[in-house]
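Paired with chain B in one complex and with chain C in the other, chain A is shared by the two complexes that follow.
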Partner chain A sequence: MIETDPKYYVDGVLEGNRKALSKTITLIESALPSHQKLTHEVLDALLPHTGNSIRLGITGVPGVGKSTFIESLGLRLIEEEHQVAILAVDPSSAKSGGSIMGDKTRMEKLSADPRAFIRPSPAGRTLGGVARKTRESILVCEAAGFDVVMVETVGVGQSEYSVASMVDFFLVLLLAGAGDELQGIKRGIIEIADAIAVNKADGNNIENAANAKAAYENALHMMAPASPVWQPPVMTCSALTMTGIDAIWHNVLEHRHLMQQAGEFDRKRREQAMDWFLYLLDEGLKEWFYQLPDVKEMLPGIRRQITDGRTTAMAGARRLLETLSTMLQNDS
Partner chain B sequence: MIETDPKYYVDGVLEGNRKALSKTITLIESALPSHQKLTHEVLDALLPHTGNSIRLGITGVPGVGKSTFIESLGLRLIEEEHQVAILAVDPSSAKSGGSIMGDKTRMEKLSADPRAFIRPSPAGRTLGGVARKTRESILVCEAAGFDVVMVETVGVGQSEYSVASMVDFFLVLLLAGAGDELQGIKRGIIEIADAIAVNKADGNNIENAANAKAAYENALHMMAPASPVWQPPVMTCSALTMTGIDAIWHNVLEHRHLMQQAGEFDRKRREQAMDWFLYLLDEGLKEWFYQLPDVKEMLPGIRRQITDGRTTAMAGARRLLETLSTMLQNDS
Partner chain C sequence: MAKHPDKKKWAEIAEKELKGKSPESLNWQSPEGITIKPLYTSEDLEGIDFIDSLPGFDPFVRGPRATMYTLRPWTIRQYAGFSSAKESNEFYKRNLAAGQKGLSVAFDLATHRGYDSDHPRVIGDVGKAGVPIDSVEDMKILFNEIPLDKMSVSMTMNGAVLPVLAGYIVAAEEQGVSQEKLTGTIQNDILKEYLTRNTYIYPPEPSMRIVSDIIGYCSEHMPKYNTVSISGYHMMEAGADSVLQTAFTIADGIEYVRAALNAGLDIDAFAPRLSFFFGVGMNFFMEIAMLRAARYLWADLMKQFNPKSQKSLMLRTHVQTSGWSLTQQDPYNNIVRTTLEALAAALGGTQSLHTNAFDEAVSLPTDLSARVARNTQIIIQEESQVTRVVDPLAGSYYVESLTSEIVKKARALIDEVEELGGMTKAIVAGMPKMRIEEAAARRQAKIDQGKEVIVGVNKYKVEDEVPIEVREISEAVRDNQVAWINQIKEKRDAAEVKRCLEAITNCAESGGNLLEVCIPAVRARATVGEISDAMEKVFGRYTATTQCISGVYAGEYQDDEIIVSIRKRTEQFMEKRGRRPRILLTKMGQDGHDRGIKVVATAYADLGFDVDISPMFQTPEEASKMAIENDVHVVGVSSLAGAHKILVPQLIESLKSQGAGDILIVVGGIIPPGDYEFLFNAGVTNVFGPGTMVTDSANQVLNALEKKG
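Moving on, here comes the complex of A and B:
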């Protein structure tokens, strides 16, 4: 049963009540228009209590050891009195039936600890939808008092870019590969990393990991850093031997400190909010446009003509956009 | 004086008449609604005669020797009986007053040759506008019989991405730098390159260029190639000593051959056309939306509230999008 009183959610979240927090996120994830309306009311009320966490994004291909890494880091942080929330963005999970962190046993110790909150990836067919829900969930976790929010994603499609645009620090986990072709890492992912960590640097793998670290350092040095105050470091770590985890966390804090000192931290968050606003506007506008009866009727034929080279992209777009000028005339 | 009969442009271009070609591009560049309408008629008529050129994009920061490189390659190609057109995308030129290739004397020999056609960057305040004009100009050059169309851009803002999305092959020119921080090359640019050429590999610079080549090769090998049939090569060249220019051209041809064989060539062009269609739709839709009276009135205040943290991106977008649902109700 879903509560319909916004006060239930707002008060519960602000008190740090886990059940209310979970229910609020369930509300966010609901597609029902009435729930969406309620979500908006709840989020508007929670807004003044948001923004106070360290938002940490973590990505890596399956098998890189993300869950174990996140559990190790999470356990370290709750020891230091942090309140840690873990969310996921995984648009593939809906299709595959699986979900990153769908099985909480993958973070057995952490999920049993009352100082941590773990929420699997919401269902959703589009990355945009999943990302929207996760963004809103970050705010709710902050309002509930969590001061570290980790957002996990698997490196599929565009999900890393989406997660990077909602966090303060974006960490890319990699494995040491066999020489050159390191796990087919997508070009461009290094571009958005605030740090790279070569995971599973333990046992026989220590030397491989050190070599991979050097190779990635070279690759990073070939590129201009995204911020003038931060050159993304390459590190090694092992969740198994708990090596390097502290160093990574100190990096996150150092990054925050330098960014705040340079005024870049607030600037980045403001930019992210504005980008998100423009993105939502754009998405909402397209959603509205593509369900207009005229557009729905004409679009398939025009697409076919463009693919077959029977019309230009320009002419096709023009024909569809005429729908709008007609509408304006009707309206005025 | 601008001709108003579409036949003048269409016939002239199809005959390969330079004056008609120039005038058609001037028409494309005009912002007047009546000219835009005429442009559409002309392009629709020319469409069946387009698509038959090798579309080659070339980028590099100022000072890398782009003009000299393009002139050398262009002269080589007209010797081989190619018809070469050179266009530019440079959204910065309108602001700075300067323009890449604005001064044709930078390609003195080539511009004097009747087998080549050189057109400076169109004026325009936005990259989108400049890119649109250049895309349409490519089609017109093809209809006029040019079988190689080069599109030059300076690595500013997003212009490289824009050019990469309208060509078959995207070449990035670089210089050998002093070690690590090579000319502050943007991360991400390597991602869209089909080849990288280290220019000015002559005289005392030959060794530096070879070292830079090796360094970029390493960086490229760290990343998965964009196409399964093509691993972007790194080359060196000198327009001064005419070294490496042929090798680059053979690379362009080899790339075309492999892509065609794998069916990737047509697929890429179709995708580019569809992306362009969706982009134009999106841009047209936004243009229409942002000049709606309600939106114009509300937008500045909502932006301010988001920047100040007084409202969320979600709530702000929602308020603006309500304008649309009202409109639908009026319309039905």
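Moving on, here comes the complex of A and C:
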């Protein structure tokens, strides 16, 4: 059952009603065209109330301890009277399309705390798609009064690029040792990090973590920082013993302060908005294009010709685009 | 080289009987990955090094004692406890009068998890799956008129093991029985709790210290007492096959030995007091071979610690028949199943045995079902004559070969655990739990497809089931228990209690033997909850990390029609509603049995659902918060410990009060048929009892969702 009156969502979210917030996120994530239209109405109404949170992205390979880290940081922030929302993107099975979302089992205290809101979302079969929706979910959380919004994503695919492009601060969690320096995380991820934290620096692992920290520092020094005012630091932390968590949060605040002072903060958000605009335009164009009756009619034939080797890929694409362009000109 | 019969000749005739198919077509792959052939001969005994061993001698394959049951049969030890200490005590006394030989105490889940009966997190659990023990006063009632110097008592306790063992010691003391006379067993096997049952309190490391403190204290003061019962039973119940059960249990044992050695104890001072606890299921010869193989492996692996006493190599075990093999459907069949399992345990050479009652798939045993269960053993012992010969299956080509196969496969797995740095590390890495859950999902898929037959469930179903009588636990139990705690708290010396509790906290922090400091606290009438809290201040409470496997359930089906058809339904649901059907699976209260919910989670995800899993031990309010935040269509509650009548209505209430009354509720697990109506009236859409095929339940959930629109 889905409410069709935009007022239900807008008023509910602005009142901070959990159920309305949750339903709004469902609406945003829905694949139905009618829901998308409603989403736009709701978002337009909420937009004036957004933008006021610290947006923090967190990534790392499975097993790095993301959820436990978020539990520790989140509990600490709610003690400081912050309103904390967490959006987690979970991978789905390519075969069945279904997914298992168990993040909250590792956030036992935080998920039970009424001051925190945690929403896991299935990535679905297309990773990019859900991340797009996460951006809108951030806005809704802000409108509901949350002043810290964390986005958790598994650092093995492409989703972390989109996440980095929607947050103010992008934290990459890594583990010490295991030989391979970047542990399956693409080198590119390190380039977009605002900070790296070596997690599980506890017990027998403290020394390993310190060594890993030094290694990552060396690696980072060889890259040009994304912003002139911020050199991404490498830290160690333990979500288990709560060490290093404060220092990471301090860095997030320091980053925000320096970026704001230099005017970088607003520039970054504007850039993100521009990227977002171009992305939406791209997606919209594609969607519009493939729905055109002429395209629907011509496409199968051209595909068949390419399969049979009767035409080349380049010629096929050109023919489709040119025909279409002529038709559009004749129309106008 | 011994002469073997000519198998070729046999194969020729067999092929004729098979109308041209090769005899290999009769091979069967057991869940353990062992190929079971249609025929075994003396050839299969080649190279087996224990084939000429004797009972009572290393490697003890043929039994720990030379005479085995020819002198004295195994101990009939029925596990029981429910409602209150007084009711349980009366039940014990009736059973002892009717031929039971040893006691085995089942505690309720509140006690297991270190909560007193008045704690807000245990409202649904008090007295349900065992007896509630809050203070030594309850312990004294539990053993009233049972002389503890004569009766061997086994206590299944792992989480709150210190206050409970101290309570037993003080209850005996106040009966006039001194510690050194006490005989029996404390389970004290914390490692397997992290694998399967989840009735732990503290994280693994401090928990291992508690284990070695108990071993240390008892080896000095209670020489006749078994200090650890290393348990594979719960692994089997969670889905482990015989190889997984054997390997992980033996690996747990090795880990305890190392912990005790590290605490400075002498191997021969404690190793003979370690005992085992295996589960025996329906694969008759496999179960027998498993017990024989386990004895071989233990003797073999213990040699690395250079014990001087042969007793340190000897695996002595208790066995319980499988609870998982029991069905709610056509429940009298369970008597037959239990009989076969009991016979397998006897032929495998167990030292004591619990036989399940036929109604245990739905509730706690009644006096009648408990009598049948007990008599099952007595009939085997006193009517069947199987006790006349030691290890009667020795020399069987099949059983000896199977024993040797299990040894080989289990040893390979133990080596894998050792490579990870021992069982504690392997558990932290999640390896054993994943293996067990994989096995469980595979097996469920086999059962759901009818490839593994369960009579009354997936074959020869009965249309009109006659309901059986079940035992109900009165809801007044908790109120009475709370009033009783308050009464005890009023009378005791508060300053003395405080002093004792502080001593426990100090000992937890700075070292010393924890059991030694818990005993005075129990004497002063400190409660189980207070003593557990005193340690929790230092150790913290452990949070389980839930890992989930995926693809295993559907993989076993190989994209069978039924899987495809449900995937189509979830896909259609998405096309219509804009997202997949989303279900929150949750466990509320202190019931930590999570095999079922894990299997359902992985299967539903394979069928195209989006599945949320809650942390363990939720309150109804916490579960409803999660259902609303995750915006699920359905909440699936798993309940195996009798708390459903209290917790499910509270969950529904909590959802309604937040405007989320439209979320469907389904309940699965051990629910007495008489409670179905109660749950439907409370607003539950479906109840799925034991034996429900996962694919059926998924279709029913989808039906309910579609009906709701």
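The working rule: the second predicted complex is superposed on the first by the 282 of 332 C-alpha atoms of A that agree within 3 Å, B and C clash if a C-alpha of one lies under 4 Å from a C-alpha of the other, contacts with A are read in each partner's own complex, and residues count from 1 in each chain.
To be clear about the criterion, contacts are C-beta pairs under 8 Å (C-beta built on N, C-alpha and C of every residue); 3 or more make two chains touch, one makes a residue touch a chain.
The model shown is predicted, which means the values in this text are computed figures rather than measured ones.
A.B. asks: What is the contact status of A:285 with respect to chain B (first) and chain C (second): first, second, both, or neither?
C.D. replies: After superposition on chain A, A:285 lies in contact with chain B alone.
A.B. asks: Just checking: does A:22 make contact with chain B only, chain C only, both, or neither of them? Give me first, second, both or neither.
C.D. replies: A:22: touches chain C, not chain B.
A.B. asks: Output check: A:30 vs chain B and chain C. Expected answer is one of first, second, both, neither. What do you get?
C.D. replies: A:30 sits against chain C, while chain B stays out of touch.
A.B. asks: So, does A:4 touch the first partner chain B, the second partner chain C, both, or neither?
C.D. replies: Neither: A:4 stays clear of chain B and chain C.
A.B. asks: Classify the contacts of A:118 with the two partner chains as first (chain B alone), second (chain C alone), both, or neither.
C.D. replies: In the superposed model, A:118 contacts chain C only, not chain B.
A.B. asks: Give one of first, second, both or neither to describe whether A:260 is in contact with chain B, with chain C, with both, or with none.
C.D. replies: After superposition on chain A, A:260 lies in contact with neither partner.
A.B. asks: When the two structures are overlaid on chain A, which partner does A:108 contact: first (chain B), second (chain C), both, or neither?
C.D. replies: A:108: touches chain C, not chain B.
A.B. asks: Tell me which of chain B and chain C touches more residues of chain A.
C.D. replies: It is B that touches the greater number of chain A residues.
A.B. asks: Show me the chain A residues, by the header's touch rule, that chain B contacts in one structure and chain C contacts in the other.
C.D. replies: none
A.B. asks: Name, in rising order, each residue of chain A that touches chain C in their complex.
C.D. replies: Residues 1-2, 18-19, 22-23, 25-26, 29-32, 35, 68, 92-93, 95-102, 104-108, 111-112, 114, 117-120, 122 of chain A touch chain C in their complex.
A.B. asks: Which chain C residues qualify as touching chain A in the complex?
C.D. replies: 543-548, 550-551, 554, 567, 570-571, 574, 577-580, 601-602, 604-616, 618-619, 622, 625-626, 628-631, 658-660, 662, 708-709
A.B. asks: With touch defined as at the start, can you tell me which chain B residues reach chain A in the complex?
C.D. replies: Chain B reaches chain A through residues 40, 43-44, 47, 51, 132, 136, 139, 180-182, 184-188, 190-191, 215-216, 218-219, 221-224, 226, 270, 273-274, 276-277, 280-282, 284-286, 288-289, 292, 302-303, 306-307, 309, 311-318, 320-321, 324-325, 327-328, 330-331.
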